[in-house]
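Worksheet: the structure to be examined is printed underneath.
When the chains are written out, they are named A, B and C in that same order, and each has its own residue count from 1.
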Amino acid sequence: MFREITLGQYYQTDSLLHRLDPRVKVAGVFFYIISLFLIDRFAGYLAAGAFLFAAVALSRVPFRYILNGMRPVLFLLSITVLFNLFLTPGEHVLWRFWRLQLTMEGGRFALKMAFRLIFLITASTLMTLTTTPNQMTDALEKLLRPLRRLHVPVHEIAMMMSIALRFIPILTEELDKIQKAQMARGADFESGGLLARVRAMVPLLVPLFIAAFRRANDLAMAMEARCYRGGEGRTRMKPLRYQRRDGVAYLVLILYFAAAAATRAVPF
Amino acid sequence: MASPAVHGLSAELADGQFIGLIGHTGSGKSTFVQLLNGLLRPSSGRILYNSEDVWGQKYDRKKLRAEVGLVFQYPEHQLFEADVLTDVCFGPRNMGLSAEEQKERALAALRQVKLDESCYAMSPFELSGGQKRRAAIAGVLAMQPKVLILDEPTAGLDPRGRDEIYDLISGMHRELGITILLVSHSMDDVAKYMDRILVMNGGVIACDGTPKEVFSRVRELEEMGLAAPQISYIMRHLQEQGIPVRTDALTVEEAAREILRRLPGKRDTAAER
Amino acid sequence: MILTKGLIHNYTKKDDEGNTLSVIRALDGVDIEVKAGEFVAILGHNGSGKSTLAKHINALLYPSGGEVWVDGMNTEDAEKLWEIRQRAGMIFQNPDNQIIGQIVEEDVGFGPENLGVPTQEIRERVDESLKAVGMLEYREKSPNRLSGGQKQRVSIAGVIAMHPGCIIMDEPTAMLDPSGRKEVIRAARALNDVERITILLITHYMEEVIYASRVIVMDGGRIAMQGTPREVFSHVEKLKALHLDVPAATELAYILKKNGLALPDGILTKEELAAALKPYFSASGQESEQGEHVNPGREC
């Protein structure tokens, strides 16, 4: 039951989007999401959709992988759309049932909401599909570097993220093993009320936490033994360096952002 | 595509046997062992315990898990209660026994694993490695299983801890008469203690017999990434060098007896240590 | 290379107010000297102090008494800390808990990155080190998909990439299966033979000890025995009293000797045993029957 959790669903292939500097991709997704909340006209959504479609096409990732990314949030998406559809007050009532009413405004709002969410999820899925978790943490470390002035431990946060990514599969496996071992001792994780189920988690969580601490302790020692002493004076084996294509990508991003913002002035 | 971990596997474990299960990593041992006590469900085929299908409609698998006790690798990593005694009570408690019965069984199990009484009230994390391991084994024994399966019970222990665990397990086999299936990577240990060996390779039982039968097939074992006990390589080498000895000795003592027996001009009686 | 003088280590257990509850002396006056290029095996049951000793050499622990010197540097000299850790690399027991990178080559690069080695050189060092342990073809794999033996070899590569003078291996094979154990020991021996890296191997497995140039047996925080494998394994009874194993050939020779055969001390391998036994059989060998072969068992 715990094995289904997967993180960092990288899709390996060679494409322009894969080769882009991860910083461009992280910044791109960030500004793209802002643009989605900025635009308010259908023309804007058209622009956002076209931009996204072009990116998907450039990524060479099969479309079904992108659809797969949508699946876990499908429920959330439909709830949001339904709420907006039926609970938005408005003047042009199209249909009414009990307390629910379907209005022109509601329909329009729900549609926009659906576009926003679908685009947002597609864009972030596309980023994780084309960027390895490692590149992602490297990019975050670089992009957030200015925050160091505010005494935010940027390097440490990035290091923690990448260690977490490495240990999630290991701890997941460990949890699976502990669960089986406790089941072999007659533990029951399936039946009983909520309280009983929560109680049944104790024999899982205590050993899991102990295991996590033991591993953390070992790992800290191993890192120290290999001369780790924080980000100061560290060099990188794979440093991030901007190429010409990254400059072009930033330019395209700025153009898109300007266009998207300009659509606010369009009548619809 | 997931290829099956075990397939077309048939084996019968008779009451009261002490069986070793060997096979290189990834040969399907763990899967086999988990199938045996109903933790995994076979995709096809059946597991029969006392002639009853374990995955039959009305079968009580919780009861099965109490009767077929399974001790996982590094079992001390599952300890979670504040003190040893309460932890050992976990199994009996899940069986729905009364508080007194739980305690009674737990105490009996702790005595079986020869854990000192001063440890019972201690936190499991204060114990030494070997003690922790024994406390964890007691946790399964307290359910009073009729079959005990142990997955590499000596992994990570030093020679002393290893000997203690083996003495404990073979003692339990003798005194309680329970059936024991033990997964091991050490050919020397398997040869020394077991009366039957199952060899797994590529998800099937490749070999099944007494230690002498199984270890006479060194070539096949080596092809499976396994080996014979150290001593049998020594005896083979002696024979190759023209020293007339049989090569089927599995323990050092046995080998010594054989060499002394073959010694020109020596009497057989002198062979005893 | 490594020198300890009267090394003492106490583990102090304190309660919440900081009062000392108990003191356990893990090392009790240890003097060892390891010369460059040696392959030293350290034996001893759990709790004999061998892991504590290993951590002192890497300056992960500091002496409660006595001194530890690595390459002429005192481990208590704070300024030399990183240099000491670079000179004396360390491999731990659990292969999963010492791999930091999510890709093999990135893990191997971790040490050199910490040392501030230039990017281009890191690449070269990573390739070299992976080649030295025979893991170059796995450079882009995730460590999670490797076997235990392969993971340990990656860890060893990670240490070699820091260009150490010696590597301390703290039970690197305890959690591995027999084939994984062989892989790791083969890699360690190759490093010692080819790269002349000093190896300190802590282990329980006798077959790993035989090849060492020197064996140190520890018990109760002290050195109980020391010498070449042959010297140490001449004392079978003493080793057994310390709850340690001896190689099978050594034990067999020991029993035969107790039964009146005059075999030399310190037999380690089957070849040596055969050579020592031959005279007994060749003198009047004609009358004894040929060794009957074991009947092949039933089909597997």
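By definition in this document, contacts are C-beta pairs under 8 Å (C-beta built on N, C-alpha and C of every residue); 3 or more make two chains touch, one makes a residue touch a chain.
These figures come from a predicted structure and were not determined experimentally.
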Touch-based graph of the chains, sorted into line, ring, star, complete or other: complete
Leading chain pair when contacts are tallied as C-beta pairs: B-C
Intercentroid distance (Cα basis), chain C paired with chain B, Å: 28
Whole-Å gap between the CA centroids of chain A and chain C: 45
Separation of mean Cα positions, chain B and chain A [Å, integer]: 46
Interface residues, chain C side, partner chain B - complex: 45-47, 93, 147-148, 174-175, 177-180, 204, 207, 243-245, 247-249, 251-252, 255-256, 258-261, 270-271, 273-274, 277-278, 280-285, 287-298, 300
Complex interface listing, chain C residues touching chain A: 58, 60, 82, 85-86, 89-90, 92, 94, 96-103, 105-106, 109-119, 122-123, 126, 143-144, 158-159, 162
Contact footprint of chain A on chain B as seen in their complex: 34, 37, 39, 62, 65-66, 69-72, 75, 77-80, 90-91, 94-95, 125, 139-140, 143
Chain B-touching residues of chain A, taken from the complex the two chains share: 174, 177-178, 180-188, 202-203, 206-207, 210-211
Touching residues (chain side chain B, partner chain C) in the complex: 24-25, 128-130, 155-161, 163, 185-186, 188, 199, 206-207, 209-210, 212-214, 216-217, 220, 225-227, 229-231, 233-234, 237-239, 241-248, 252-253, 255-256, 259-260, 262-265, 270-271, 273
